[in-house]
């Protein structure tokens, strides 16, 4: 594979995570989460979030998101999310399937962050009308789908509305660590202290092979996840595969270190690209993802030089760049250098 | 943990499987099954089954089973299975959930094998009656839930009826390898040559941490599994976690060797227990699982000696014993020896 | 059509019911149950049942049953019913569809009445086991599918078990009036005083064209039926079509008079058939339905004489006879007379 | 009730329809649509549409719409409709429930008609992408939710796109007759000749109490409606209640006469209101519904004069007026006169 900035899901796993899998696989262990490792992970996450939590480990981000929603919303509920969210655009009809038919309502808002005014309007109309889907849940993505990060105040503004209308709040934290590093706050501050009832605490994109923790803060609102997970076929018999990854991920701040590296690589890339006037930064990257618009020909040029990334899915010229815990500094520098060179070449050509 | 014969899901994984995970986790790879490893596994399974196949890797046996069924049966279909099957008793309402409401019809039959007469009767009544659930699919378990193994003729007898009534056939092969070793036949003979349209090819219980392959033989009857898997949240982004395990499992006949060992350990145990007249063998073990009835007090005695196994769930005195690829010969011998000693003690006591 | 004892759903409607429809159709009325007629029906049913009730009118018995269940059971719940019940055998997969995948557990018991011992066993095993469908609801049919009627004590014995395990109780009262007349008790005694939480109060089979009332006694256990009805497409805009029928049905004891007539006609028929030694009464008719076994040739003979009824669906020779509010005394007498004559002829023939 | 222009669902039924119900209720008839009346209705609709059709009678418009969709779209399908459509806004989550989780995609377009450009864009992106809901069905409303009517060319433009992408097309014809009268075309021209595969042929709003016909033109694309109807609890046992209404509705062009009257009443109202400069017609009424914006105070004034209609649900001042087959000319004239008088009064007041 080329030097790739396509996604953070193309990287493998950190060494300590792999070592943990190998170690956990020795000997016998009770199945279905009745092993010591799973208890340990729950305790680690309780410490991390500074509160009592229920934890449900699953192996995909889609499972974490849709199981969370299925525990929160009635079957005739509206799930308010951003119209550009992963939930709405990249998880097939899994949300409808798991919730038994709840409806995703895609709201607008700059930088893929939900506009509170739109949320309030959508969540307060036709209340109690049997003909209309009723408010069911709020789901926001932190990091958002375009690489921006909600501030704590922005999260609070949305969850406040949710509390007013009496619906539960979910955070899709597929890139939780990257957001946390960007905000320099505590996990508690970014979640339950800001009004979040349940989080999909993602690890797969940031150093493990497959492990996501559904972390429940509000046990009143979010129920039956043990059965819902089993019913969804997401209860692993050898749970230690998941718990060992998650434990290693949380040990010695690996999760923060990995995210810090990914974010730093993106900052380096953004700095470099900012210096090229022909490139337009669409949304300033706060974490490890950047959307920018390249001048004509640059995308093809960069790809011809061996760089892989996504383009052609959005407006003309728009590309997405993602760094990971494994991204090499020299690869970022080489990418920026190539972009710069294309511009110089283009400038020369246009002068001719 | 004690010396445990509770289940084959308590063992970890074979060394080569773990090594394969670690190796696969290096470097970048395309996500969502677009990696080379996934292609390789498909090819290996095609070779194994001597035919073209579609392969869908998932991480739990329940997912493999219910996704298979969801691709085969209409929402108003009857899924014919044995009344003691795992599908009916141990997968919550996952079958109903994934199929959109199809109904499991639990049929009788000795040794947890479906009685063909009962299948024929159930599958041929009220055909076309809009008030009644219609024949949807046949699902049989190989190894069965009580440790017996269908002969090829027995499988054929059931699938012939399914073909007559026009429904697709699924094999729950959570212990596929153990059955194959018992029958000494080829994978093709035990599946599509015997009329099976799709199999849940299990590996988790026999040497890997979490990997099951849905293998489709009949592409006419079984459709849309790619979408159904995604919709179920079962499409791994880092698919190489699954494909690497499965590839290692299929390499150098690890899967057969592991199953052979488990079966041999069970044969050893059965031989030993047969020699104790007070113990009744309920179903002769053909693979790696045995149900037998212990005399009063023996269960407690054995547990006090440090052996773990399941009892108390069935008729009085009935216990289940399961061996795995990791079961030690000395542990089996010690178990048999303890059972024998209990009997001698009991005999002495009764003589007093 | 011939003289028919096939079902009570082949009769039309009582005159006063039709007159009520015509009257209600005049002028304007608020839609979706916001009309005065619907309020009136709720009040009439509250009076009838001597308690506060919530009432939801729908147009089919299947809708009444499955909407009731959908408001009572979790999606992973077992719905305990009799293995011969209409719910299990004649409503396609509507129960699974509306409940989101709950499972019907068909229990045994003589005369199509649930055996309390079987209920207790099924409802108390594997409680809290995430792998197994959990107790969800109890549904019993009054009149049963074979024409028997639960005594008040028999109902109480079942609902007591349900209360112990904490599940709600539903009565499928498609032939509610026929049962009530048979028991000579009050509607309250046959329902909430006997532990029933919700009833499908049927009218369609007993004098109206299409109207069933879901009557909720226990508002704690049974929720959201207003939304569930709408979501199921069962909220009529011109609700007065349903409310006018139900109001007429409940006026001047039409519902009881109709049922009394149907039951009397069946008693007359049963008396007559009892006098023919070659006919075996399978289940003594307590209401308006009888299962009996005819001697060889009698079924064909009776059909050749212009009588219609169902046979050929059960054991050899078994037929079902149903009377309705419209059944004529002379038709019953003619039927019995024909049966008697067949016997005489047969006796003569055998003597030759 | 006041003089009401709230909806066409507040009117009762035409006399001949009521007479037909009464007549049909006499004597015995086979249940579940096996009566002669149902056959007759199918034949009448085949004649009407000049082609072979399958017909499924149900008692609500929501049932007709969502059953139709459930027969057309995969569970991961997008159902393209207008963002203001009844389907999306007024049928709770019935569409998701019946389709097993398909997603409604609300498209824009003037006058509540789907913009073909938006349809093409939405229906052609990410085809085959397992992460994204795939094109499932097109549903358009004729008359639209704001009272406009698609021309035949406009229908064709949309169905052409649907054919290109291989999805089936549904027409929500809750006000089918009103649209047909407006277009002065044949039923065939407005449906299958314009590319429609299935129609919800509504009668309830236009002269019957409760009867809608799902009429299938394309039997290849639309399947299993018999089972789907039963599974939804929408199969009436005494089907003659529905078939008698529909037969009377189609006899002697009652359906067209009723719609013609309703449309004429609306034309009269629109003409009158157009003459009042302070009133803004939002969408010119082509059938029997009008959205207009009233000046400050007029809505309250008209309501104080005893007129009922909906306001307060849309932009400030916007009201909806609906006429029906029963609307009286003098009521329309009185309404217009009152509106005119308010204006005169207002003008006087402002002069003071």
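By letter and in written order, the chains are A, B, C and D; residue numbering begins at 1 in each of them.
Just so it is clear, a residue touches a chain if its C-beta (ideal position, glycine included) is under 8 Å from a C-beta of that chain, and two chains touch if they have at least 3 such contacts.
Each chain and its UniProt protein: A, B, C, D = L-threonine aldolase.
Computed from a prediction, not measured in an experiment: that's the story for all the values here.
**Student:** I want to compare two interfaces, A-D and B-D. Which one has more contacting C-beta pairs?
**Tutor:** More C-beta contacts join the chains of A-D.
**Student:** Using each chain's Cα centroid, which is most distant from the centroid of subunit C (L-threonine aldolase)?
**Tutor:** The most distant chain relative to subunit C (L-threonine aldolase) turns out to be A.
**Student:** On a C-alpha centroid basis, what's the spacing between subunit A (L-threonine aldolase) and subunit D (L-threonine aldolase), in Å?
**Tutor:** 42
**Student:** List the centre-to-centre spacing of subunit B (L-threonine aldolase) and subunit D (L-threonine aldolase) in whole Å, with centres computed as mean CA coordinates.
**Tutor:** Measuring from centre to centre gives 53 Å for this pair.
**Student:** Mark out which residues of subunit C (L-threonine aldolase) touch at least two other chains, giving numbers and ranges.
**Tutor:** Residue numbers touching two or more other chains: 75-76, 91-93, 97, 100-101, 130-131, 227, 230-231, 235.
**Student:** Enumerate the contact residues on subunit A (L-threonine aldolase) facing subunit C (L-threonine aldolase) in the complex.
**Tutor:** Listed in rising order, the residues of subunit A (L-threonine aldolase) that touch subunit C (L-threonine aldolase) are 32, 74-76, 100-101, 130-131, 134, 224, 226-227, 230-231, 235.
**Student:** If we count contacts the way the header does, which residues on subunit A (L-threonine aldolase) are in touch with subunit B (L-threonine aldolase) in the complex?
**Tutor:** 1, 4, 7, 9-13, 18, 21-22, 24-31, 58-63, 66-67, 91-94, 97-98, 204-205, 209-210, 227, 230-238, 240-241, 326
**Student:** Mind pulling up the subunit C (L-threonine aldolase) residues that touch subunit B (L-threonine aldolase) in the complex?
**Tutor:** Residues in contact with subunit B (L-threonine aldolase): 75-77, 89-93, 96-97, 100-104, 130-133.
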